[in-house]
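By letter and in written order, the chains are A, B, C and D; residue numbering begins at 1 in each of them.
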Amino acid sequence: MDRIDLSVDLGPLSLKNPVMTASGTCGYGIEFKDYYDLNKLGAIVIKGLTLKPCSGNLNPRIAETTGGLLNSIGLENPGIESFIKNYIGVLRDFKIPVIVNISGHAVEDFARLADKLAPYSEISALEVNVSCPNLAGGGMAFGTDSELVYRVTKKVKENYPGSVIVKLSPNVTDIVEIARAAESAGADVLSLINTLLGMAIDVEKQKPVLGNIFGGLSGPAIKPVALRMVYQVAQQVEIPIIGMGGIMSGKDALEFILAGASAVAVGTANLVDPLAGQKVLREIHDYLIKHNIERIGELKGKAL
Amino acid sequence: MDRIDLSVDLGPLSLKNPVMTASGTCGYGIEFKDYYDLNKLGAIVIKGLTLKPCSGNLNPRIAETTGGLLNSIGLENPGIESFIKNYIGVLRDFKIPVIVNISGHAVEDFARLADKLAPYSEISALEVNVSCPNLAGGGMAFGTDSELVYRVTKKVKENYPGSVIVKLSPNVTDIVEIARAAESAGADVLSLINTLLGMAIDVEKQKPVLGNIFGGLSGPAIKPVALRMVYQVAQQVEIPIIGMGGIMSGKDALEFILAGASAVAVGTANLVDPLAGQKVLREIHDYLIKHNIERIGELKGKAL
Amino acid sequence: MKNFSDIIREVGVIMAIVKNSKQLGNGYYRLDLADSIIARKGIPGQFLHIKISSDNVYDPLLRRPFSIYDINRDKGIVTIVYRVVGRGTQILKEVDRGNHLDVLGPLGRGFSTDWKNKFLILIGGGMGLAPLYFLAKKLVTSNRVLVLAGGNSEEDLAFFNESYGLLDLNLLNATLDGSTGYKGNVIELFEEQLSYYNPDYIFGCGPRGMLKRLKEITEEHNLMGEISLEERMGCGYGVCLSCVCNTEKGNQRVCKEGPVFNINEVIFDGQD
Amino acid sequence: MKNFSDIIREVGVIMAIVKNSKQLGNGYYRLDLADSIIARKGIPGQFLHIKISSDNVYDPLLRRPFSIYDINRDKGIVTIVYRVVGRGTQILKEVDRGNHLDVLGPLGRGFSTDWKNKFLILIGGGMGLAPLYFLAKKLVTSNRVLVLAGGNSEEDLAFFNESYGLLDLNLLNATLDGSTGYKGNVIELFEEQLSYYNPDYIFGCGPRGMLKRLKEITEEHNLMGEISLEERMGCGYGVCLSCVCNTEKGNQRVCKEGPVFNINEVIFDGQD
């Protein structure tokens, strides 16, 4: 990609370009082999890991809505032990930063996950998913309480020597307050947003479509909300932001960067089109050429 | 509409059918004359009124997003005095309940609006819009604080002898807490949801599309979130709910009713198609016939 | 699908049949719609609000407004001319003859046309020439008409030069690149013409900046006239207040009180 | 638009040309796509994941999965047969010959076809007969094949009776209304047939309830075979875990480890 400088700094991480994959929408990166070389992207974020193996939620696990996707996969994953045994090796083949997304149901879960992943240099950073229910605390998601976000972030930082990205839930009254909590606990980077809590009802069966009743809404439908949150948070924190939520095109990605994001992640778009990440990257590149912009960094936060 | 009973009770109000218009998407009802007789619907909710005349926000005031609409009209309206002088007469011609939506920037504003509208029997109920910023309280919307929602509701109830509907903002961590606050302050009915806060950026101009930067997201994109909130609130409050957010078809309306709404309001769909309300009503009717259901009431909350 | 009974009773929302859809060159497209009601009722300056997505598909969500370019009342055909600028028009250009389009219209307040034996100047910039064509056609039967057509280049104006060329009027071009006619913008050309002519009334349509300048000039010269404005539209029929513009009477809806306004009334402030 | 270079390099995401799209009667539709890569690579039981909306339009958002009904390798044509059940298929049926469709495929694990001189029974319910057709076509060349076709009525089966009728196999119908063949469901017919025949291997495709019963019977009779499952799919290529089913090996992805599974492996629990 000739004279254009697409590289971005994500706190301690340096990416050769700003396009990442979003957790849960690219598996462990291996299925892309048939389509394109994921190493073209800036980084990949693999799917959410929990301490114990988890078989996920009942089917149906997805429902299509207008411009959106409801999912209640339920964090199906082999658990940390099996991950370390069976997948770390595969990840070694990537030439770009690999970020591992971790989830828990108690503050201690996050600490243990961080501790177990600490030895592996194959991993460039942890992304802490605080959107799951806090079982000890009555089931509200960690991410809706700034005090809990602070504690989870702090614990992970204490147990993990590398970079820590905190991924915020959008289902909150004041996203800035939560972002500040993560920052003050030492988060290196913020990811926003995770999915909006939603549901769909099957009018023929007269019951919820999803086996789990509620699901997370993603896709272009949520882009305006995601963009607003990135815009708000970018004005109030110093640490870099990975913007995501409905990015389908280079134009969408650029909106996030103009709103203050340093990098972007492509999620649902991967499901619709395995080539989405590459397409987003190419369209960003084309935009820079067209507008005579030499470094992507010049655009960061320009609409603020 | 033959043997099918479409009537619904909305607390103190009785509607001949569950389909209403949503505030701000049907003006004062008069523009529909050219298209169909609005008296076919269950009720109409006219656009938001404030104490003083308000000329609204800068253009552009709308932006289209995937399956959604961002608006920042900014409550343009002639103010309560001019409304009473020039519009109350027009509303007298409606044979269905006319609900007036009121907004304010201080608790006292709501009280005064309620007081001024109290004498007019042309109005069947007030809908209290708590989504505007509370200027005295630092600019966060009233609707994001259960204490403020309680106080606004209480004040309006004290000053208005008729039915009071409280319309909730979805931009909150816990919608049930806010709904309970309104209920305990004496709200007769709840409307949910108002718009989600969002934004869009023009990548050519490299600045926000809307003159006001942020806008409210409505339309089918937000339906999953709206439906989830109705579903959650319906399980926790006793008072009836008017469901809205992205209703485009009878099927959409039925999802809200199955989730626990007593009635539904059609908003953005009116902009896309002036016949939307009538279409939603007809499709509900057709569904009941097809499924051999005699009373719409049988469906209320069936998916809970 | 709309119920047939709705279509008959509620004129205004119409499933119009595409009679012809073609590229005119230089990014311009022409769409002929067969609908006797619109063809009977439409007047110059009014617009159609066209649904781009098919039934039950909500992306793109909103309708798109287009001015009436021409009407053949006998054949019951109404024509729009448009440029592909974004997603909606991109999709619109793919419609095929025989397809149905959900059209709301004719909407808004049009130009005044009851003029007799007057000298009228029509000033159009770019796509602003589209609604002025239908107006010119009405006016030429009993008035002397001068049309000033502004564009980037000769190519840009080719289609309009051809169509206006068939009407009994005078036509002058202004192009930014000077490839035909006056070199400069159409407002400069208008100012120049005002040293020769004194029109009874003027009509303008084009970008906001052009109309703003036009108003300054008409005020300077004490001229009267009408201009057609563009604003982003939600509904197109007056219920949402998306499309307001500032006027001497306060905010007015471009879709309802406009798009045509008295040039003296409009206040050009705020954003460009 | 996809870049042409992508299309060539990354097989799997393909802009296929619609060769033919037609209604077969009784709500069935047939779509022929010209694409030499899919036609060369596709095997029975695999599916195509078709994007319904056009470029940059995100409603409907997801692709729709359809089994390969047939392939003409020489002509480079792959065919699907489908029923209109919702919005996606409603839109799909409007595509015209010559249009391009964005197709991902062929995807998933297909049926085993390397059988010789065996007696094979294929049991299909409704649309389940679509993928079995391509399978039957492969199998009949060197095996004895019995097809049991279940549907609501004679009409429902008319298309498949005609197409399967041209192959060298035995075909029996089961209809719920008894309008042709056995009166009852196709599983009852299968059970009845098992009192005459002892197949070497069976293949099944149809609604979940039918496959669940089929598994019970094959277990009872100690039969081996394969079934093709349906689940809602997000991606279709294994990254999202939307489509899992429970098996002896734990959760498996219908789009990747399936849609065809060993019948002994699948565990039918939970929701129907």
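To be clear about the criterion, a residue touches a chain if its C-beta (ideal position, glycine included) is under 8 Å from a C-beta of that chain, and two chains touch if they have at least 3 such contacts.
The UniProt protein names, listed by chain, are A, B = Dihydroorotate dehydrogenase; C, D = Dihydroorotate dehydrogenase B (NAD(+)), electron transfer subunit.
Owing to the predicted nature of the structure, the values given are computational and were not obtained by experimental measurement.
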At minimum, the number of touching-chain hops separating subunit B from subunit C is 1
Touching both subunit A and subunit C we find B, D
Sort the other chains by how far their Cα centres are from that of subunit C and give me the top one.
-> D
Any chance you could check whether B-D or A-D wins on number of contacting C-beta pairs?
-> A-D
Approximate Å spacing (C-alpha centroids) for the pair subunit B, subunit D = 46
State, to the nearest whole Å, the distance from the C-alpha centre of subunit C to the C-alpha centre of subunit D.
-> 53
Centre to centre, by mean C-alpha position, how many angstrom separate subunit A and subunit B?
-> 34
Between subunit A and subunit D, what is the separation of their C-alpha centroids in Å?
-> 35
Which subunit D residues touch at least two other chains?
-> 56, 58-60
Which subunit B residues sit where two or more other chains touch them?
-> 65-68, 219-220
Tell me, which parts of subunit A touch subunit C in their complex?
-> 66-67, 220
Touching residues on subunit C, where the partner in the complex is subunit A = 58-59
Touch list for subunit C against partner subunit B, complex = 2-3, 6, 9-10, 12-13, 51, 56, 58-63, 102, 104, 231-235, 237-245, 250-251, 256, 270-271
Along subunit B, where are the residues that touch subunit A in the complex?
-> 65-68, 70, 140, 144, 171-174, 196-201, 203, 206-208, 213-215, 217, 219-225, 227-228, 231, 246, 251, 254-255, 258-259, 287, 299, 302-303
Could you please specify the touching residues of subunit A with respect to subunit D in the complex?
-> 24-27, 31-32, 34-36, 47, 55-56, 58-69, 71, 73, 76, 211, 219-220, 248-249, 268, 270-275, 278, 282
